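These notes concern the structure reproduced below.
A, B, C and D label the chains in the order they appear, each numbered from 1.
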Amino acid sequence: MYTVDLNSDLGESFGAYKIGMDSAVIPLVSSANVACGFHAGDPSVMAKTVQLCKDSQSAIGAHPGYPDLVGFGRRNMAVSPADVKAMVTYQIGALDAFCKAAGIRLQHVKPHGAMYNMAAKDEALAKAICQAIYEYDKDLILMGLANSQMLVQAKAMGLRCAAEVFADRAYEEDGTLVARTKPGSMIEDEDLAVSRVVRMIKEGKVTAITGKDIDITADSVCVHGDGPKALAFVGKLRDAFAAEGIEVAPLSQIVK
Amino acid sequence: MYTVDLNSDLGESFGAYKIGMDSAVIPLVSSANVACGFHAGDPSVMAKTVQLCKDSQSAIGAHPGYPDLVGFGRRNMAVSPADVKAMVTYQIGALDAFCKAAGIRLQHVKPHGAMYNMAAKDEALAKAICQAIYEYDKDLILMGLANSQMLVQAKAMGLRCAAEVFADRAYEEDGTLVARTKPGSMIEDEDLAVSRVVRMIKEGKVTAITGKDIDITADSVCVHGDGPKALAFVGKLRDAFAAEGIEVAPLSQIVK
Amino acid sequence: MYTVDLNSDLGESFGAYKIGMDSAVIPLVSSANVACGFHAGDPSVMAKTVQLCKDSQSAIGAHPGYPDLVGFGRRNMAVSPADVKAMVTYQIGALDAFCKAAGIRLQHVKPHGAMYNMAAKDEALAKAICQAIYEYDKDLILMGLANSQMLVQAKAMGLRCAAEVFADRAYEEDGTLVARTKPGSMIEDEDLAVSRVVRMIKEGKVTAITGKDIDITADSVCVHGDGPKALAFVGKLRDAFAAEGIEVAPLSQIVK
Amino acid sequence: MYTVDLNSDLGESFGAYKIGMDSAVIPLVSSANVACGFHAGDPSVMAKTVQLCKDSQSAIGAHPGYPDLVGFGRRNMAVSPADVKAMVTYQIGALDAFCKAAGIRLQHVKPHGAMYNMAAKDEALAKAICQAIYEYDKDLILMGLANSQMLVQAKAMGLRCAAEVFADRAYEEDGTLVARTKPGSMIEDEDLAVSRVVRMIKEGKVTAITGKDIDITADSVCVHGDGPKALAFVGKLRDAFAAEGIEVAPLSQIVK
């Protein structure tokens, strides 16, 4: 029997600005990454998103990002590891406050956008993020890119961690994602995307862009909720999982 | 034997901008109100301030404010009670994260500036703030203006609360502060300020601006740390307390 | 022959956040009020919006607001007249920079949301806003609520001004808008809304909520572009204007 | 006869936060670089700073930066050239609004911090900044690091530009600044710093960190105003200039 987590980035609306189809996506995922007010989200949106997750019994994770609302946290910023550590601590606590008030338990932390990408490769940054999580609550789970420095640092520290894979992205031979600027970086054929994910889960393998098979751990699959097409793909993925005997379950049931 | 808490607003620096003499003030107070990043403070300043408080064994409180950095949280804003509740929850959690990481316990919450003043008179606002605190952790203490709606609402809810008094401010007959725009609103004679505070603590009385004596509860006295003169006044106050048999202790030892 | 300006609030997107149907609305209005980055809009959105207006030959106005992105500039803030003056100067200059770069001339300034509403009644605030505009460029036109303090102050200063009316709002006998919280504040019957506007333009009269006819000047009519229904209403209004011999023209051709 | 401009970064206070000794520095410099609200400064500070410059007859330049108040614009950010162009246009216009209101003319634009440093080496970024300036007002002067891409791009575009040198920094053989992280990057001996600047102005030469003499153009010297020591150094520099027959004059009198 196989199990996998489905996660999505949620709670990204801000004031009068709406992004995402949260009430439709939340029931489809086992883990929700909730924005914490730095790159997206605001306190009232966070309160509402946590309540939606509670109603759907989706597990909740903090989704901290850089303080760059206009750039949606997607622009690299040269922030020192000490400052990143403090901003991760801050954002975890802010989100966890809504969980505590709602009587539920925070499950995981997944850095967002540029912070996620930079920390996948930067040892000092990855370590700072893991320390923030560990010092706040050593029972939380870090979710990071499969084969990344974030997972290396979490394991070294004794912090539980989950490897995240992407259905719609190509991989290099070293297990990193092919940069979006390169041709072939996106897997646009949905059937191929689904079958690649199924193989990652069942065999722990994926074919890199070079054609070579590489090892990959798939604890959680990232899905999007920013439009009807994205939602339909989640349904397709869940159907394939059902047919293949793969059960969807939150991270806390997958990661030891 | 009398006891009273001494509190001060701290951690108000932001990035390259420094305000206050925190390392000098923290050892002089029993309770520190630490800014939470909305009207002042940033994650790295919060980490450092919490560490300073831990080193001095000063108790820590969250000091949430309106999201108005350029106005330092001092400008009234027409924010709905639901939005204020969410922003208080957010800020408490953000500060508490640094306390958790440092292995210490958050003691109290004191709203800042315009939020403090508006909630002193506005029942719905006061109730929203108390609910945010109570739902986050019902063992926290709300610190509010003596005789204010904040204390009324906290008591009605079963939330512990502390009455704050000001050494340098005149009082109206109804127990509220005389508006700063009125003549006589500030007590500029330091000896008079000290003797008024001593009387509030020992007799539970203060002479209002009209000349009439009124009842007042003084669980905590607010002191400032924004200059050498302010620091000297704290010393003067502590000397008077020692001479009068008034012990300084954190709120958690004063409020039942 | 009658002429009237049609204006709409535009350029309100921010970073990854999209609001409004700007490319559809801009060709339908004679004057565009473009957000300036405080309550909505960002520099890249402003550059794009100014270009869209230039392409459609719609006149451009600055739409300054309070620094409250999460509240969309709709929450009253107790900002001093001196600070409001400075923030209006700042925002006018910021928007005008894109006009200068595009080789077009800024036509008007219309304050947004809470700033617009507060300045309609507050003499000092209205005066500060008018001074900011006059000192920046005395040939600009202030657009303000018909019968408001903003128009009174502009006229006293020798600043050109335009009276704005609303098709979908009821009026009090003193010419102010009926508060949204009161029953009957919105004119929901579209045919009635159209005929009221036509009468305001041709007769200078509108029936107040009390039933009494009052005087009103209609230099510009505010229309919305936040959905298909709003867009359809603009078409309806333009059809009625054509049938009634009312020509749509930018403010600069209407205000002397 | 030699002439040189003295410039300093000013107007960096923000709300209740004070930085710099502006009223003491402004009379000592010929050109003031005024922060525009993104990395430092706010509208009310800008209004006041422009007035101080007008009173001292110091020429005014816009000092645009990245939207990173907590990092004071000193952290590299991966912003696209198109977005940087828009944010420079915005900030120039915002500052120029205060100049227009005060009846004075904006003289130059000097990017701040990380934007300045990144654009010194990045051709696309440098070009975007120069285009923003040129399209806003082709008579403005760009101030950039001597020997940098910013000057290369400005010259290619026909935009007037000024080469800035630093008294307290060592230079590489290629004319770039030695990174602060390298030993020997700072010239700490004040007499040496003064004599190096005098030689840059009179001979157009400076000794690089390798010991080799290199060519350098010194149109403007950057001085600091963040403390009594920095102010004293400006006095020392002006005394040396007087003794050496070097006249201090604003950029507009130096750059053709």
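In this text, a residue touches a chain if its C-beta (ideal position, glycine included) is under 8 Å from a C-beta of that chain, and two chains touch if they have at least 3 such contacts.
Here the structure is a predicted model, which means the values were calculated and not measured.
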Where are there more C-beta contacts: A-B or B-C? A-B
Rotating subunit C so its CA atoms sit on subunit D gives an angle in degrees, to the nearest 5, of 180
Rounded Å distance, subunit A centre to subunit B centre (Cα mean): 39
Rounded to a whole Å, what is the gap between the Cα centroids of subunit B and subunit C? 43
Residues of subunit C that touch at least two other chains are 42, 70-71
For the complex, which residues does subunit C have touching subunit D? 37, 42-44, 46-47, 82-83, 85-87, 89-98, 100-101, 132, 135-137
Quick one: in the complex, what on subunit A touches subunit D? 67-68, 70-71, 75-79, 114
Within the complex, subunit D is touched by subunit B residues 14-19, 40, 42, 69-72
